[in-house]
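So, here come the structures, one by one.
Across the two complexes that follow, chain A remains constant while its partner is chain B and subsequently chain C.
Right after this comes the complex of A and B.
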């Protein structure tokens, strides 16, 4: 009797989470699919996807979404790794750095976008500082549609600032679970700091790196508010287009088609990460 | 042990943070600075206040309004503008979502259980109400209001192309040009700032750029800016005399060519501007064209720096877009006498002045307004009146009768702008492409032409 209760317990504990996931994620995904394949008469159609693909902004949105991904994800992983390793050193006052690094986590992404807008805009903080230092005599237009690389650069900077912390937290957690014995062993065999990082830390950090990459890549697909604030529609992205189709054009079907597309990309990339960064149980810490 | 605990805490932190982050991002959030716009008439963000208690006495009267939906504006309406009305006890019902009110009007009319007496709505909403036979003919009431100097053109609009008066004009909003006084010294020779042409606007921008090294014209071409309204109500009609019918005409090609020339002197950050008051106040832009509610802070915050002037004119005249709201009376209204008295009351100069002062909608009267308006209202309304009274002025309207497809229509306009002006594509080809889309949309909706296009029997089509 007792064992029956015991074996049911894990399912009972999982049930609330499962319920939330089903209600807030599985059901909306299903509804988005329905919307994306539904015509105005309610029947099945591919018209929404045709409309999406033939839209003026579609190819640009696709291009910029992937460009952002390519620039932001590696940059953030490297930055976050450096930050995590620094804090892992446990030097005096390291917890202050942890708090400072974590500040962007507490700021909503649109607010972050607007803060960066006030930095990069024509009479913003950056131009004011450069001007008062005598480096420029006229404001530099970072956000001109005629200078897309500059606009793109500001987005990469703002996004990196905003979302590197989450990667750092994951990596730091991963670092903390690596038993100290490995580091001591490396020291005993006379490994330099670089060698220790490359051959001891990185391989053992693989499970956390995998998690960080997946979460970060999914977020990169969702990058939206920062782009909206800094670039308007000059640099379209897929989620932004979904928003415009829903909110401005009042067309939930095409918006859902964009959402489905983003979901397909996300699932594909997640599976790819799992394949490429396959971890063994031992590495994952289940020894 | 300690490291374990720390790592668990960090992991938990990471998970919570990622949940919060993804929750913030997942469903397209309404961006705060952008949120201001209902499609047509932006208003200040509503402040939550107490819901009004609806009083019903034998003399009560229900006023259903699709405008002034934000709670703050509703309160101004109840506590200030309607306060002195003695003809009935008015229950003012509005909603931030215009369709909620319109659906209620249609539903009451359809079921024959009419509770509402007065209806307040935008011009573009009236065709649906008239088609449902929900409104009285107000010609007799207009007789009684003969002494009122209501703008003639607005009264004609209130007939909705019939011989009946379906609404009495109530209030209006429009788009005007705002000019920083510093720019005036660079006006092209012989140009009058109150009667500019688009060509002169371009020269003006050029002069400013030559003198200051900066491009200081500005347009609201940001993601939630109203650039498409400028295309619809200003550029197209001023150059072609129409909008849909002339969408790919030679005049339209000329318009886009000219506008591209003007755009050369527009601040390249224009594609991020959702309203023009911020770049005007920061000094990024000296000359801008935008909705009155989206530039009013410039006059409010720096009253001495800015003037309001009419929009430029093109070869076909000085077209400006008027967002007109009208007052109608429902068929079968429970308090018809009170309704007539209320319309009389709201169109009096004192209430018209209160409306612009409290909720930033402009009068529909030609003259006779009191002069004790706050200075910033006065500065802005000077521009609005000058524009309406310009010798070559014509009114263009918000699209009429598109219903929920208004968004698709605006997108076609906005894509045309993006492709021609920002992406430098061939004008003729873009216009052909977009006109084809326009025709398909309007055929699907069977929407007839609206002013300034000539009346059509079937769906409005680009030639």
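Right after this comes the complex of A and C.
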């Protein structure tokens, strides 16, 4: 009897998580698919997807989603790696930096977007400071539709500020489990800091980099609140369009089509990362 | 080639003095073993030399270069780590070639030297493999090969054999000795295994609590330990110590239990200066032998345990209330419970101060 209870224990412990995942993720995914492919007569249709593709904002949304991805992900990985390597050095007071770096993690993305809005807006902090320093004599319109590169830039900055810390935490955790002997061996055998990073640290960090890239890319696809707060629909993105079709156009079917598209991209990119960054067991150090 | 000089090297971790103004000179091409129990500061001293640990005081020289403030990569040395630290993401070839690549050597030279190093350690057939596909002993060889191909003036080894099983350790020990004879690099070898130290070292520096307590050739360390600590640390089983008192009158003798031990003429003046004082008698287990009757320099002993070990029998005995170890020939007839006489030559005795534990000369 006892063994039966014991063998059931793991499933019992997993059950609550499983329940939440099914209710809040699996069921909505299923519903989204249903909505996306179901016509008004209840049969299968691609009409929603045609509507989505022919919408004037669609190509822009696609373009900006990928542009954000291309700018934000590498920038964040590099910044996060630098931050993680810095903290890994364990200099005096390094834990203070860790806390400072982690502050954005505690802030919801919409709040972060609004905080950056108050910086970049016409009468925001940045313009006030620049004005009081005498650098500009009238406010610079960072967030105007006439100045798309500036709007885009503010979104990249705000998103990087908001979500670099999570990448850093993943990379730092990865660094901490690498035995320091490897770094010391690299030092003794003549590696400069740069060579050590390129030839020893990065390869050994590959599993963590893979995780960080996947998580960061998925988040980048879902970028929404920060864009909404800073740019509204001046810079359209896929998730933003899904929201727009649902909330403003009251068309959940086209909204679902957008959601399905985002999911397909996400899955595709995740598989790509796994392929590109694959390590053999031998390389990863497993017997 | 180059000798090494530690000049009053000090390293402190919080309240622990890991290296307490250590001075040591190592000759060009010498194989120096740093020996001591864990926490004695031997690894710290090695890491200070490698540049992996900064020093809090003193200077370190390799040849005539003061390397104290140089980065590890500028010290031009090679090191074998206790954990091997063989890079898991590189093949055996790339691991061995790592240091040469960092130096930016030409490709054909790297290839030639890696081949030579691999041959020296019988790794030719494994060059394309990853470390995870190797046994512990092979990984250890890779770590040694990576160090040797650097042809560095100085080779550092931090307990390189401690993760190997007993048989492999025995093999690699002889292998390392052969390698050193071949490459003749100045070598510093850290270990807590006194057999390794005796086997490999041209000289041994015995360390305790951040200090070198004795530095000499292996046989001198074994025969003539500088203190109770060294005698008790070196040798399996270690040196025996018995409490005695120097006689107050007449020719100086030492009273141990019922027995009176007469020193050699050379030892006499030192003992004469300590009349009436307690003293420790140190004697190695193999320097004690059975005697048929009480004679000069005999002790009465009671056999507690007999361990036949093939090449000899190891006895645990009680002598004047203290437990000692005695090593006798395998054909010696003896059983536990026997009371026997133990004889020794006076010149095999080492006298130690009962307070400080230092050897009296």
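Please note the rule applied: the second predicted complex is superposed on the first by the 261 of 287 C-alpha atoms of A that agree within 3 Å, B and C clash if a C-alpha of one lies under 4 Å from a C-alpha of the other, contacts with A are read in each partner's own complex, and residues count from 1 in each chain.
Throughout what follows, contacts are C-beta pairs under 8 Å (C-beta built on N, C-alpha and C of every residue); 3 or more make two chains touch, one makes a residue touch a chain.
Computed from a predicted model, the values in this text were never measured in an experiment.
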Look at the residues of chain A and decide whether chain B or chain C touches more of them.
B
Between chain B (first) and chain C (second), which does A:39 come into contact with in this model arrangement: first, second, both, or neither?
neither
Quick check on the superposed pair: does A:74 touch chain B, chain C, both, or neither? Answer first, second, both or neither.
neither
After superposition on the shared chain, which partner residues are touched by A:189: those of chain B (first), chain C (second), both, or neither?
second
Per the contact definition in the header, classify A:251: touching chain B only (first), chain C only (second), both, or neither.
first
Of all residues in chain B, which touch chain A in the complex?
3-4, 6-7, 10-11, 13-14, 17-18, 21-22, 24-26, 28-34, 213-214, 221-224, 267-269, 271-273, 282-284, 404-408, 410-411, 415, 418-419, 422
Touching residues of chain A toward chain C in the complex: what are they?
179, 181-182, 184-192, 195, 199-200, 203-204, 206, 279-287
Where on chain A does chain B make contact in their complex?
56-57, 105, 108-110, 114, 117, 121-123, 138-139, 141, 143-147, 163, 166, 169-170, 172-174, 176-177, 180, 215, 218-219, 222, 224-225, 228-234, 239, 242-244, 246-251, 255
Counting only contacts in the complex, chain C reaches chain A at residues 50-52, 71-73, 77-79, 81-83, 85, 87-90, 98-99, 102-103, 129-133, 146, 150
